[in-house]
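Here's the structure, in structure tokens; my notes come after.
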Amino acid sequence: MDDFTWGMVQIVGVHTILGLSAYVILLTGQVSMAQAGFVAIGAYVAGMLTVLAEWHIIPAMVTGGLAASVLACIVGFPALRIRGLMLVVATIAFGEFVRLFWFNFDYRIAKGDIVVGPEGGEGFKQIRFFPENGWTTQDVAVFVWVVAAIILATLWWMDRSRAGKVLRAVGEDEMAAQSVGINLTVVKVAAFTAGGFIAGIAGAIYAHYTTHIEHLNFDILMATFAIAYPILGGLANVWGTLFAAFFIQVIVIEVLRDLGDVRNLMFGALIILVMNFLPHGLFSAKVVRKLKEWMGIGKMSDA
Amino acid sequence: MLEVARLSKHFGGVRAVDELDFRVEAGEIFGLIGPNGSGKSTTVNMIAGIFAPTAGEIIFDGVDITEAPPHITLHAGIARTFQNIRLFNNMTVWENLWVAQNSAKQKRTGNPMARWMGGSRRAAAAVEEFLEFSNLAHKRDELAGNLAFGEQRRLEVARSLAAEPKFLLLDEPAAGMNLEEVKELDERLRVLRDRGVTILLVEHVMELVMEVTDRIAVLNFGRKIAEGTPSEVQQNQAVMDAYLGAGEGGSDA
Amino acid sequence: MEFVDYLQAVTDGVMQGAYYALIGIGFTLIFGVMNKINLAYAAAAFGGAYASLGIAALIGSGDDFGLPPLLMFLASAVAAGLFAWIVYTICFRFTPDHYELATLMATVGAFFLIEEIAVHATDGEPMDFPEVLQGIIEDPMIEFSDAFAIRGDLLTIFLLALIAMAVLLLLLYRTKLGLATRAVAQQRTAAQLCGISVDRTNASTFIIAGVLGGLAGAMIGAAVGVLSPLLFVPLTVKGLIVTVIGGLGSIPGAIVAGLLVGGLENVFLALRGITERDMYVMLLLFLFLAFRPQGLFGKKVLRD
């Protein structure tokens, strides 16, 4: 495969992680339009750690994720008091707030004969951990997918465990969930925190493979992608998100590129179509059940 | 076991519940009846922790649970069902019970590792028991939303039992049931009482209430107008006036 | 800054806030009737303004704009009303009523669709919007002193917006259509029992909101002098903020909040500059969410 294809593999991997970050939060019935903001935090923090403090990518990535999760936790608490559509507006505003913060953030230091660091509206250039350490595009793609696979596996396992059922119970009916003893505060804040952590990881990787980030990367379009993958793919399991990220990034955006620059047009039309004909996404609970019956496998109660 | 004292709830200027007092003794089935809009559901929601009372207090097993949110009242030992069934519709019957079972267990098993490892096997065994008890074993992998109405009612009761409560709040469990199903419910409630579960039954279906309860309190316009055994209540003039006078008016609060 | 400078900033801002108020009213109207948010609303409103440019270009030739100023506003309003109806049909009409995630997502899809059509139709270039207001008011400034003046174009926009709001309130409180709209907003099932078609009421609410939006879109075009797809997102965000601060579903709330946000925003601009201005607007929203989540005029939210 050539570098372009490996680059594609990287993009799908990062977008899968991005979608999974929203997936965890959506399971509890909360719509977070702040994911792009969490991605931005992970991207800038990890970028500063590798560029300015010369850390290795892995601790920098984890720290970026933790920084984003702290912010997400802080967002999670007020999110308890507001719900539904108010939460959508609040998280849109929060995401934009974070973007504007980086727009105004300027912290550069001299490194040899060049000056590096985030430079407000000019963005953060020269995040060169991968090229400096001799990682090829292929190496990076493998790295992205190792991380993506770990997150996918963790969430898949969580889905089948008690924790997954608790998240879903809250998403189905908050009052009923409380009445069976589930503490809404803990569950919702935990979902936000986990979602923030995953988004921060996505941001850390994103910053390093593009080597140049600016605040405009983390706009509402990115926030929309984050929730679009799990919603279009369906919330029955993690595979829907994986499939949607692949389908949109590869089929809609790359393969149809020859049709001219109609990516967002296709994206918009696709969302409307799916929501009209498959409102619960491609792999909804009902569809997945039918598939399992058809294949005669995997009764949940055997787990 | 449960003591409600001077309990009041005002919505704006409306006194949905006004200075209500009653006691439920351990091991009995206590009925709460009254015309539509008399404040029964509001009372249930205050005990369960959904609404914070405007005034008064709720003591359960010697503990003040007046301000406790729903998950705390559950862990104190009070489980409930809802007037309009609230199941986790896109989860299976088995999952509905499992999530409730585990949530209750979680509080009692201190060790988190034990909770995750051994706890879940014991929980799964307990879920089987509740599936059997509510006669839903053959539907275990059905989505709750796809069940028939009567089955959904049974599942909701089973889900509340899965928390292994000492006290059960049943909000109109017989609504929409046919006579045969009401009989079944009657038997189940007796079985539960014999197992040591105290029950507060809010109900409109008089055949059930008069049959199964030990004592009854009657509400009208948020106030208690009578209390006693079923036969005492049936002969009470104020109760007859309330039911005849209020008739079909208003919607339930 | 001296006091008179603040006064100038607030005055300009409040008058510009008129179009925030109009957009906020649109969001709030739709929320009031359907209990859902239409994220494509501001995009459809600008779609109207773009359409009015298109119509003018078809009729006129070269530098000569084919439409007199007021007709531009009218064309924008009608086109936006049509777009709003289309958005209703493709995003609300057939998506499940109880599952708001589907509707929300569909309106996001519609947002990108409209934005992208605008980008393609104009090659992504900002379009000059005719300075129609010059034709309305000869002298663009009403000067009180050297330091304080009221801009004629802003004043015109402000007055136009007030007229539009007054017409809307008359429509809601003095006509049968308005009665039906309010009935559906308050008690949907009861309204249905009275023979009101919820679908028709929803559709007409979208059209009314769209017309207001189209007016706002043309006003913004006239005030800024250009139309650009880059305006879609910021105006959507501002409109939503105004809606929440005003209280979801409250029309007076949206008006007051629109003027408030407009006024404060201009002060933030004067104090901290353009790059930081919107951060403070967001902070204002967070303050409201923390201390008064029901907004200025909203009903108090119960625990249920």
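Think of it as A, B and C in the order they're written, each chain with its own count starting at 1.
Here is the rule we use: a residue touches a chain if its C-beta (ideal position, glycine included) is under 8 Å from a C-beta of that chain, and two chains touch if they have at least 3 such contacts.
Remember, predicted model here, so these are calculated numbers, not experimental data.
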The pair of chains with the most residue-pair contacts is A-C
I'd like the most central chain, judged by C-alpha centroids against the all-protein C-alpha centroid. A
Specify the chain most distant from chain B by Cα centroid. C
Chain B and chain C: spacing of chain centres that average the CA atoms, whole Å: 48
Could you work out how far the Cα centre of chain A sits from that of chain B, in whole Å? 41
Rounded to a whole Å, what is the gap between the Cα centroids of chain A and chain C? 31
Junction residues of chain B - those touching two or more other chains: 50
What positions in chain C touch 2 or more of the other chains? 304
Please list all residues of chain A that touch 2 or more other chains. 175
Interface residues, chain A side, partner chain C - complex: 26, 31, 78, 81-82, 84-86, 88-90, 92-94, 96-97, 100-101, 103-104, 120-121, 175, 219-221, 224, 227-228, 231-232, 262, 264-265, 267-272, 275-276, 279-280
Can you check the complex and tell me which residues of chain A touch chain B? 161-162, 165-166, 168-169, 172-173, 175-184, 284-286, 289, 299-301
With touch defined as at the start, can you tell me which chain C residues reach chain A in the complex? 31, 36-37, 90-91, 94-96, 99-106, 108-117, 119-120, 233, 237, 240-241, 243-244, 248, 275-276, 278-279, 282-283, 285-286, 289-290, 293, 304
Chain A-touching residues of chain B, taken from the complex the two chains share: 48-50, 69-71, 74-75, 79-80, 82, 86-92, 94-95, 98-100, 102-104, 106-107, 116, 120, 124, 140-141, 143, 159-160, 162-163
